[in-house]
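Please read through the structure below; I'll follow up with questions.
So that you can tell them apart, the chains are marked A, B, C and D in the order they are listed, and the count of residues begins at 1 in each.
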């Protein structure tokens, strides 16, 4: 297919996928809307739709529609942890390692960074960097467990990392309860981070500040570029991808397969851990997560939507964050119950990620292009023949 | 006129979802009771055409008429119900299941709600008897030799009542004897009124067994011929579009010092069968040492051993004096060893990666391809463009996915990589298996060229003609042992070789010892 | 410590192992069959949530546990077929489908519960615990003669019907996989779909059957959770058992018997954790025991397998 | 009053204001203009309630909602409730939703709750100084934001009453299921200061009746795994002979009630709302009483006060037994099963707390490790 046709198809497909899922979503909203008359229900559904689609960026009310920088900041800031887990999953899945440890990884990274941020004073700036790096490094080390077990003993990394998530969570809870909790507080939380470790906001406006759009976002984008270069322009990343495609081939080619598999998970762990550190140091004053945060699963979704390509991760993360914000807006302004949102979200990305969706249309485009090519070739050879003769 | 054809495929077009137009207006007919050859270069669209006849792929346009009735073959089960059976180019067997289970898959005999295993075995035995294709019903498919696998495939089709049998390169993996046996059976089937489509790249076979030939090139039919009316040379020209040299010209070898030295290798497989029995030989600079033998006599194990995929129980192997046993592939490659693997899809390529990425897999750490922490993309592009050109890889661009190339072009990618990394020793295991005459010619020429430039080549091939023609000297393996050594292949006859290969004759240890040049 | 051992040598302890294992066994069987068919279903957790909810709701509406139970199975199967539709028909990544179903299984079930009870009860309920009484629970069964054997009787007899069924299903699933033509087809499709389709087996159909089977098993597991283990459905009550099943599947080498043993090992570890808490051990230390044991035993199996392979 | 404050609204009295911490009372003296706007019966308040979790917990989120529902039904307020989810991943949304509704500027009052919210609230409240906020069940930054009122509840006092009650009941072997040992159980959600605040009162109350009482303490580690709570309940009953279990673990706590039902050897005590009313009949039948945390009432009270021209912005209102912020259910099963002695003991405990004769320790802000010591001391 030509590049142009391919692009048109992608756009049409995405638009239709979203349209269908919106219809399904609106149907659900319509059914559950507690208006008394059908007309009222319609109105509420329309309101919900408006909030879902443009609410994430615009304030919609009686006074009309106005752009809200704060909401954009919210969306961008929500992308910070998911870009990191998305990248983490990209690297590991590229090596065909279904390591689900980003979930525990981001929690552990957050915790370790928090401990560094609270107990080890350092000069401002350096402190944040060290906290995040140490957080990432610890998770990288922990990821050695599934990685080495996989390489040496052929233990399923998926199962091992899944179990490891729970072990990490409980150990953190234990440590928090017994050693790190600030007992003067009602919930289990640490003492506040030292100021030197905080990650500053990009925009200095008190309202937008509360969105916590920190320099972490810029770091996340830099991480995208570095990971992209790493995966597509460096020999390590190349080997990771080749191993993911065909392990036997890689071994035969002389790659140190076991080592690279370990490396991929260590890097995945580092990214998740660093993401955790950046998230807590940027967004919170204390560490208070008491269960797995869910960013790991979102990361998997993002990596799959991005086709394991780091460069597409920010796009996928934006899509997820926008969707999330739209759903929040529905909950806030359109009275749509918050739990419906998980259904709406699931439906939307199910369709969005459906590969075969509109396959017939795609095939017809493919055929058309191929036929055009053949015709063009035939014409060319005829011309050539005429010229020769 | 329509009546005399059991199958008519009219103006068949097939565009795959990746945009490859594999068939472009192909017409193909089968007469009742004939053996019909389908020939063409790798990627000409033979398998594609047959897959559509078997309902595995759907034509983009065109019509299929079976026994005079226009038919839509929407799935293999429809094709099976129309009496069509297919033996695929690559095995379609479930390795962990037994022969009998594979045989009855999808139509298992039952006792109550359970499978009647005894009945399945009985059915298998009966049919094996009936068609004279001997298989062991209770063995796991993973454990049986390739020859038997091929028989299982053919029986599978016959058991399902196929009257039209499509055989996609069935002889690619068979020994001469097995091929003979198969041909006898095919002739037998033909006499019983079966119609057979026979795909092969081996011209001798085509001439020997088929009645008519359809030749394909570039997704189009180049016409239908009575086999007896066309010569091998004409067929080749029709397929390739130019004259093909069927015999490789080569100069006298001038062997230099020993590169690979193997001494007393012994190996037991998982089932404690002795696969290598005190194997010793040397390969010298500038010579091609061939290993002949019926497949399954230790050749695969030997190559595995030399490339670090398995460890011997005893014995040594050195390259220029440095041991390679129990070394990793990377270290072995660093010593200057290249391997053309037997199974190109499994080891030779990463199918979803680009051609370019497949070219650099063995040298991704090389200094000249890296600039600091990153690849030197320009150097890589240059390398791959050069290789595509030198090795005549038919592709749109080096950025194309390797997996979408046809078999022959995939093999060229492998060969290009393995030949271009300055090897001292090339292990070539079945380098031309299942690829067309054009590509075969090209690869053989390259191999000779390299050896004459001073590279040691160890050639393993099940194709007797190939080993005899290419090798400067030759050993024969039987039951894991070297049973003969010939320092000159010119005077050899096929019959003599056959006797050694089947273990009917064996040279004395002293005579064999001559292959060790120390 | 003495206390701990005394507490462990009670019939209740062994009884509890079976009870804890039962829902995991069901999910594990589901995981095993889809694995044999060549893919992974990480949505077992969500499927169980749906079955748990509807089992408990329908038993309340019909005032009959049996119909609730049947409906739980039905919902499990229907939801799994929806998963299949996306995964096989629309080719959405199967992992993503699993994640989606888990998302719905969490918030979505709560939404459904609120909407449905809002319609039928007049006020929205966030759990069904207030609706179901013990007579709507799946009954327990006292086995006549065995129950009178001193210690063993109290371990083996008196379990929920579904606990016994869990173990029976281990055997039935094994029979299905290895003795019936359906099982043969499932294994063939999982190992070499090309081979299966080339002999006319519909790969698509077999995959649907496999995922529906996992839905059925999730139905049993979900019904167990809300109609036997707990009295009624509440948010996130499956609490990771669907994931544990994936571990049990791997630990058991993908076979029914091994999966069953792994589930029991997991049940044992959890029961042990509970006993630890009875002598005052911090539950945050006791809770990860089952997960850690899974990793450790996977490691041990890995070493054993390696040894075996090496010997050869 | 001497009677236990049960479900009756927390009082029609102005007494409550006395409980405000002295140093912050000045914050209540707002500008005259604002006061004029704030006062006046008949005003319909625009209220938004942000739930950083899900409704349906049968606990304080629901309790708050019921209070707001009451206001709505009485035509005194328009109420919008937004559920924001309780997972870690939802936390960013808590902050942004809080911001969003504040920016909207159309609400008279924004209500949120729990110890998880103060950080966000502090920041937002500073950004929107004209917006009024109420946060319940949290005292982290009490008095620090002039536009926020903190509503807190002395669950330790409530725990004390439950402890007194349970220790008396378990000693009375004439009651069905009660064994001759004085072992009682506590299933907590997570090992956190708030939950331990219930616990510390519970233990101290029980010890006041019987110094040798044993309290088996377990935590489910989340608020959702009913099955694990049931296993804990079964273990308490079977291993440690507990005959009364207090479930303080949200929905999961019900598992303990089911354990009691299944074994037929123990009773259950509910928490936060009257669980005898929300349980199915068979579970309700073995629920002896419930400890109440009347968040809803406190919100109604807040509006009453506002109507009356008394505002509490910038202060903490701490609601104990005296104010009806917490209490114990004394009708139904309590009345049916408790003997006169027990009833008298509970009543006396209540009176003593009210009079200040008994001072119940708190786990919140306790850094001395008292809770752990106590737990060890009563470990069966």
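The working rule: a residue touches a chain if its C-beta (ideal position, glycine included) is under 8 Å from a C-beta of that chain, and two chains touch if they have at least 3 such contacts.
Keep in mind that what you see is a predicted model, and the values were worked out from it rather than measured.
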Between A-D and B-C, which chain pair shares more contacting C-beta pairs? A-D
Counting in whole Å, what is the centre-to-centre distance of subunit C and subunit D, each centre being its mean C-alpha position? 36
Express in whole angstrom the distance between the two chain centres, defined as the mean CA positions of subunit B and subunit C. 46
Using the average of all C-alpha atoms in each chain as its centre, how far is it in Å between subunit B and subunit D? 77
Contacts with two or more other chains occur in subunit D at residues 54, 85, 191, 221-222
Expected list for subunit B, residues touching two or more other chains, is none
Going through subunit A residue by residue, note those that touch at least 2 other chains and give them in order. 170, 173, 177, 337-339, 359
Chain pairs in mutual contact under the definition given at the outset: A-B, A-C, A-D, B-C, C-D
Residue ranges of subunit C in contact with subunit A within the complex: 40, 86, 89-93, 95-97, 99-104, 106-108, 110-111, 114-115, 240, 243, 246-247, 250-251, 282, 284-285, 287-288, 291-292, 294-295, 298-299, 301-303, 305-306
Across the complex, what residues on subunit A touch subunit B? 1, 229, 233-235, 238-239, 241-242, 245-246, 248-256, 359, 362-363, 366-367, 369-371, 373-374
Can you check the complex and tell me which residues of subunit C touch subunit D? 7, 10, 12, 16, 20, 23, 107, 110, 114, 124-127, 129-134, 225, 229-232, 234-237, 239, 270-271, 274-275, 277-280, 282-284, 287
Within their complex, state which residues of subunit B touch subunit C. 54, 56, 75-77, 80, 86, 88, 91-97, 101-102, 105-108, 110, 113-115, 156, 160, 270
Complex interface listing, subunit B residues touching subunit A: 15-21, 24, 60, 307, 309, 328-330, 332-334, 339, 341, 346-353, 357, 360-362, 364-365, 370, 373-375, 377
